[in-house]
Amino acid sequence: MFSYTVMPGFSDSDALGHINNTRLPVWFENARDPIFKIFTPEYNLKVWPLILARITVDFQQQIYLDAEIEVKTTMMKIGNSSFTIKQQAWQNGQCAATGEATMVHFDYQTKKTIRISDEIREQLEQHFEH
Amino acid sequence: MFSYTVMPGFSDSDALGHINNTRLPVWFENARDPIFKIFTPEYNLKVWPLILARITVDFQQQIYLDAEIEVKTTMMKIGNSSFTIKQQAWQNGQCAATGEATMVHFDYQTKKTIRISDEIREQLEQHFEH
Amino acid sequence: MFSYTVMPGFSDSDALGHINNTRLPVWFENARDPIFKIFTPEYNLKVWPLILARITVDFQQQIYLDAEIEVKTTMMKIGNSSFTIKQQAWQNGQCAATGEATMVHFDYQTKKTIRISDEIREQLEQHFEH
Amino acid sequence: MFSYTVMPGFSDSDALGHINNTRLPVWFENARDPIFKIFTPEYNLKVWPLILARITVDFQQQIYLDAEIEVKTTMMKIGNSSFTIKQQAWQNGQCAATGEATMVHFDYQTKKTIRISDEIREQLEQHFEH
């Protein structure tokens, strides 16, 4: 399980007085940073190894200002070249939003998918939910 | 069908040289504005009538700077108190991303769902895809 | 004078019920797009010709949802390698925010400033406020 | 001195490969959170006590992904009803951006400024730069 913590700010809130829904995909992406580093430990933007195929977010509770949010990320499924993770945003002891994200190991030059190596697969597998 | 057009700016792009995926949920939300107005023509933030239950986005093509994006929104399903729409982002003649969004007619005071009136239902039904 | 129009969306607002102040620098940047194109008509991200040195924003009126914002951009001062513009955001007939932005004609490879050519200077000069 | 730390994410970067300038005002606002709490310890959004009058940002160094940013905030000047702070964003031991922000103690109902109380003034004064 990967953990990412963020304190929401005013620009994350909206006129309904809660956190705007569009901030969840941002925090979920930020929470994927340690996964990016499994694929590119040197964070090489010129040969970036992943492309995002799909995201979902289910909004279960409203999120508010003035309390930290923790995003918990676990592995759901690992295929030949793609994998899907589950991401949950918690605030004040409640799971407020649950998302999935499917990423593809990808070569931006050739626009082709790349098989996930056994070495990377082993690292990803350590983050399956127990 | 509702149409919303946006020209991406630098802050919508990211270090991979394309538009960051997290901007799609923002533009999809902006594109829902005419639907908000069906429920609250006076745009009453104090008695806001809708809450977002779920979004999905499938990323089909990379989106780039310097070309307009059109978001096309159509109705998919209308239930008793909720409804689901389909949203597509087009750039340069290609559908680059497709999303769904489920919204619930909702009373923020009582935290209860509200039945969609026949009058509103009729207006929503005019936007089913043909 | 350059004109850029934007309709604010929910994610631009904040919990105080108005548009969040941090959106002004974004819209002001978007409004600079035609200036970018004077320097790089082909919008060449690999040899980008400008770097931002300084921005200011004075907030004069609160900005709200549900009414278009027009950003008017005029030239204030043109130096050897830098220039400063004035940007105003108007909503409902009122100037709500006024900013300045100083940009430098810049070579990102050598990290050196570049003299503004006479040809570009003439184009910029057409946008001085009358 | 108030300190706020943030790890930039992909959506903070732009197509030039660095962090987009418009993120600085966001992080500077987030870094003002402890100042907001001096004025409203209970974070009361319904009687919010401050309005932003002016911001400036000087961009001194490019900021990049994959290294934390610390925003250091100090008091510059305290008037009858307004005060100005200095904010610096540091990354990798360098000051990358310096801003000022002027806030006004304000009553959103009557749209009038409010005198800063001695109690609050004393708390603000503890954050002058030494």
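Residue numbering begins at 1 within each chain, and the chains themselves are lettered A, B, C and D in the order written.
Simple rule for what comes next: a contact is a pair of C-beta atoms (placed from the backbone, for glycine too) under 8 Å apart; a residue touches a chain by one contact, two chains touch by 3 or more.
Values in this document were obtained by computation on a predicted structure and should not be read as measured data.
Here A-D and A-B are compared, and the pair linked by more C-beta contacts is A-B.
Remark: subunit A and subunit D have CA centroids separated by 28 Å (rounded to whole angstrom). One simple way to say how far apart two chains are is to compare their mean CA positions; for subunit A and subunit C this gives 33 Å.
Taking each chain's centre as the average of its CA atoms, subunit A and subunit B sit 22 Å apart.
Touching of two or more other chains is recorded for residues 10-11, 15-17, 22, 26, 29, 45, 65 of subunit B. If touching chains are joined by edges, the resulting network of the protein chains shown connects every chain directly with every other. The touching residues of subunit C, counted against subunit B in their complex, run 7, 9-11, 17, 26, 29-30, 33, 43, 45, 65-66.
Contacts from subunit B toward subunit A in the complex involve residues 15-16, 21-22, 25-26, 29, 45, 48, 51-59, 108. Within the complex formed with subunit D, the subunit B residues making contact are 10-11, 13-18, 20, 22-23, 65.
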